[in-house]
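Chain IDs A, B, C and D follow the sequence of writing; residue 1 opens each chain.
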Amino acid sequence: MLIVMRHGASEQQINNVVEVIKKKGRDAHVSTGDVHTVIGAVGAKPVDPRDFELLDGVKEVLKISSSYKLVSRIFKPEDTIIDVKGEKFGGGNIGLIAGPCTIESEEQIEAAASKLASYGVKIIRGGAFKPRTSPYSFQGLGEEGLKIIRKVADKYNLAVTSEVMEISQIPMFLKYVDILQVGARNMQNFNLLKELSHINKPVMIKRGLSATIEEWLMAAEYILSGGNMEVILCERGIRTFERATRNTLDLCSIPVVKKVSHLPIIIDPSHGTGLRDKVVPMSLASVAAGCDGLMIEVHDNPDCALCDGAQSLYPEQYKDLMEKLAKIAPVVDKKMNY
Amino acid sequence: MLIVMRHGASEQQINNVVEVIKKKGRDAHVSTGDVHTVIGAVGAKPVDPRDFELLDGVKEVLKISSSYKLVSRIFKPEDTIIDVKGEKFGGGNIGLIAGPCTIESEEQIEAAASKLASYGVKIIRGGAFKPRTSPYSFQGLGEEGLKIIRKVADKYNLAVTSEVMEISQIPMFLKYVDILQVGARNMQNFNLLKELSHINKPVMIKRGLSATIEEWLMAAEYILSGGNMEVILCERGIRTFERATRNTLDLCSIPVVKKVSHLPIIIDPSHGTGLRDKVVPMSLASVAAGCDGLMIEVHDNPDCALCDGAQSLYPEQYKDLMEKLAKIAPVVDKKMNY
Amino acid sequence: MLIVMRHGASEQQINNVVEVIKKKGRDAHVSTGDVHTVIGAVGAKPVDPRDFELLDGVKEVLKISSSYKLVSRIFKPEDTIIDVKGEKFGGGNIGLIAGPCTIESEEQIEAAASKLASYGVKIIRGGAFKPRTSPYSFQGLGEEGLKIIRKVADKYNLAVTSEVMEISQIPMFLKYVDILQVGARNMQNFNLLKELSHINKPVMIKRGLSATIEEWLMAAEYILSGGNMEVILCERGIRTFERATRNTLDLCSIPVVKKVSHLPIIIDPSHGTGLRDKVVPMSLASVAAGCDGLMIEVHDNPDCALCDGAQSLYPEQYKDLMEKLAKIAPVVDKKMNY
Amino acid sequence: MLIVMRHGASEQQINNVVEVIKKKGRDAHVSTGDVHTVIGAVGAKPVDPRDFELLDGVKEVLKISSSYKLVSRIFKPEDTIIDVKGEKFGGGNIGLIAGPCTIESEEQIEAAASKLASYGVKIIRGGAFKPRTSPYSFQGLGEEGLKIIRKVADKYNLAVTSEVMEISQIPMFLKYVDILQVGARNMQNFNLLKELSHINKPVMIKRGLSATIEEWLMAAEYILSGGNMEVILCERGIRTFERATRNTLDLCSIPVVKKVSHLPIIIDPSHGTGLRDKVVPMSLASVAAGCDGLMIEVHDNPDCALCDGAQSLYPEQYKDLMEKLAKIAPVVDKKMNY
């Protein structure tokens, strides 16, 4: 942290800042410039920049960003590669996940899985717990849903990913699921993150609707800091003033994350746009921008989906999309299973 | 829901929309205008507007907002008044809550409580569980903290409010706490909301950082829909592009909420601004704007606070503030205990 | 500007940064810490922080904010007071401006002015040029409108404020108007600002819809830097994700601006909320928060206004509001004419 | 516009709304539903939805969006193709524009143009008027700059695009420039737009930092409504809470605009990201998402650029990028000159 003193700050004001820094358990390093004196507060002890903003003579306090360590490329320069049933995320590999928003019935999952498997999909998605904005909407099949998707997945030799909502559900999810998702609303549920840091299955963290990239990486840090190094970051759109789309998909998060972190970053264009006819162009754009994977909602019969049918692709659309993606991937030096 | 057809939409396109509406379990009501045909989808069955946006000939789909019912003034025209130890929120009363961000020790709570009680404060706040953005920061005293604040509060005949983080903690909180807070990050933790709908203590719901007022009211609806009618809404700032303050305190949410809902709305200027010298003007502004209460961070020794000291008032500042508030309240026809 | 090097940055990388700083015409000041080496780029020559972000070994670049000088309290510690016909803004005075959104006819202005004058209003507002979002809407009376408002204002001994849209209109405005307004959309029309820096009448700058407070102060700096020291800042709401109100009125900009600048800051609650029933509470809140003035839309017959009738107060509402404001002002040590 | 009445609204309230609609010059069309009565306000006369929100018994007012007509695909279903010196935008063509942010000298433009022309670039960009956030920064060469870029462009048979700042500059720009740019800050400078609606050269409108897509299309409508049908839309990022990049590039605006409008949409990844190493991935993503063109900053010596060097590509980077784009374009059925 750097404390910039006002032009003309008195020696006494400078000394006071130094003293407060020391009282907070850090070392102070004063550097006198022509215009501003800058005081560094050196050390590992966490301090609140605002405590210094309020001191006399202080112009502003500059935070040296990102307390994250383990997610950083400085800690681990080479890409983390996460391998789930041979589907790889990171290190030049584009991993693909597809499936319906919600598990509705065995018939529905069977219909989706059989087609997706025939297109080479290796990981199926499907929600079992769907807490909804309105208390009056369909809320998911719960554990019954997880059983269904596991059973069907096994039949087609697929891995499964699904969203875990709270700590108490973790043991249940470990039984049925290969990648545990943390939803956007839970991105800063730090107790949940801490528990997930002790499991030995990959965790996918969705970016919160109003989370900065730095906060998102900090959330991932929680998981790595407990020993679980298998984290996939998933961008799914942020909230802005624009309402033409459900959210604003921040595709520039791809090169930003790839530069500072070794973790794979994938895109969820289904939630990121909210409308089927936007999913295809945004998927193509994501791969061109260098993402490490995609998670796409596909429903055998989107018009009758119980949830988010409007953002689900028809299976044939998914197949067409894959054909295009397979042509774009090599242009940006990526491999994908198709 | 109203579906507006494009100018020149064909009869077949209109009929198709009508059919889809019926398939989704609603009635269709076609109204032919000069320019646009508008089709109403009438009924209680939840439908997704996006399913219609994708149909041929549809120009746009207009949602008749707010599926909330119980929080609405249409359901209950007169103000809900929540009374905790004689401190009232709503119905012309301004309820006050004060105390430190975090429970650090019995001495600290004792120091704060004795002063606050002497100023007439009836409800003390203090956090026991403090999951922080960084896994490397102080995380709260847990149940020990709740015991401390309860003990001290009883000594001074105060009520207690503290934030509950997850379902499993509810029984513990019911033992020690009089108002259970739901934090901004948990505003859409619907499972937690559902559980809180069955308790018989008041719940305070903070507005999420990126939550619209409508979504916030929907979250309150979850609690009322389970039978718990005692909900206090708490505005604490939203995230915008402006970074001069920690968040942007949306004071206009006060008249917006007061118009549509009977629930009391209070303001947390401490988190809403993040800096002590902004807390006083924003508190004055909140009361002038018609809020039903305030929750303010006060610390006996903010410079040594373990958390958020920079946004905590000194006890004397709080007293000065109360004196000013007591003069503003009657101007807007409100009563407060001071 | 401070350049923070990565942990473990090589001497060569540090030397390279120093060299680039010198090539850009600034002095470099290296300060070696335990973890990070921090290099200050000292001097007045403008440099682009991004040029350094891209250099090898650089962790991040911290800008010492605000190149503004003349608007700062460091340059001028005491409040600037702007006096227009005896109505004062700043220095403990709350200046008031009222009138219709748009000049529609002499009858309309006469009706508004006669009532407002009888309430003690000293400055009337009214738009003559109204470029609208849609090319198909009413666009204002132009110079004819300015003549009308000047004539009526003279009859009641009022000052006039109106929005100037472009450089070529300045001479015309100087003939008719006492305070020249710069609209939110023109806040960064720097050519216009430069011209207004040479006139000798006060200028009111509205905050842009997506302007940070720092950018807004920079816009004011443009005017002061040309010699015109009479600038009034006017907050009128920023664009956020919330749509319940037209804009989000950022009342915390009041204490933020008052701390760093000597310029008066006023609030426009009419554009800031967009709805009449929100104007009254937000006006009360603004004064309680410490603003130096208000500009409020009042129309003799809002239901028939050609523009923004929904956000215009009825004259009697304005009078009631003033009575309340006159009670709140002394609580926060302010004077107003009522 | 549709006015939704509250559940249980009285006949008198409904009649009053109908009356107000008629007074405002529109026809009313009442449609009685089970829960809500919906009243359509039919006709072309502009009305303000807020006038109805304030009436008794009204629940909410739904605006049928977009008063734009000429920019809509309903008015003109097939793509508009804009052809400048054989470089085409729209209708399956990707048009390319490259060049430095600012015209600094003839040598600089010569160096850029000779290389770009050798890569097949047909349109060069360069700013002559650069009003900057700070009054203390370099402000561009003005007309001298336009003369330079025209002269060099003619030598290499290139077309020129540059930003026009205000009405009085239009005749000057018509002498030197082939495509007139309207900057983001001028997107709602309606007087400027009106003047540009009468010229017979293409106009490129950049999206405002806080402009919705609908407002942006409305700005284009201004130009078409005056008779100039040659408009190129240019996305360059919107302002959000995220600060890791200068702006948030909204690539989903591509499919949104392509669906509703026939106008070509191009992307400016240089301003949209602000950093050179983000420009390449975002350019690739833009083409994959279906854009009709790109405008990219390229500088012969970015490290010495007077403005925005950090976001300018080296010429060789541009060439590499083109090679990749040429492989992606056919995947999405687009042609480009390379």
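What we mean here is this: a contact is a pair of C-beta atoms (placed from the backbone, for glycine too) under 8 Å apart; a residue touches a chain by one contact, two chains touch by 3 or more.
Note that the coordinates shown come from a computational prediction; the quantities given were computed from them, not determined experimentally.
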Touching subunit A and subunit D alike: which chains?
-> B, C
Computing the C-alpha centre of each chain, which chain sits at the greatest distance from subunit B?
-> D
Averaging C-alpha coordinates per chain, one finds the centres of subunit A and subunit B separated by a number of Å equal to 27
Just how far, in Å, is the C-alpha centre of subunit D from the one of subunit B?
-> 39
Identify all positions of subunit A at which a residue touches two or more other chains, and write them in rising order.
-> 210, 239-241, 243, 277
Within their complex, subunit C touches subunit D through residues 20, 46, 48, 50-51, 53-54, 67, 131-138, 165-168, 185-186, 188-191, 194, 208-210, 215, 218, 221-222, 225, 239, 274-277, 303, 307-311
For the complex, which residues does subunit C have touching subunit A?
-> 2, 4, 6-8, 27, 29, 31, 33-36, 38, 40, 42-43, 59-60, 62, 64-65, 74, 239-241, 243
Given the complex with subunit C, which residues does subunit B contribute to the contact?
-> 210, 212-214, 238, 240-245, 248-256, 259, 272-273, 277-278, 281-282, 284-290, 324, 327-328, 331-332
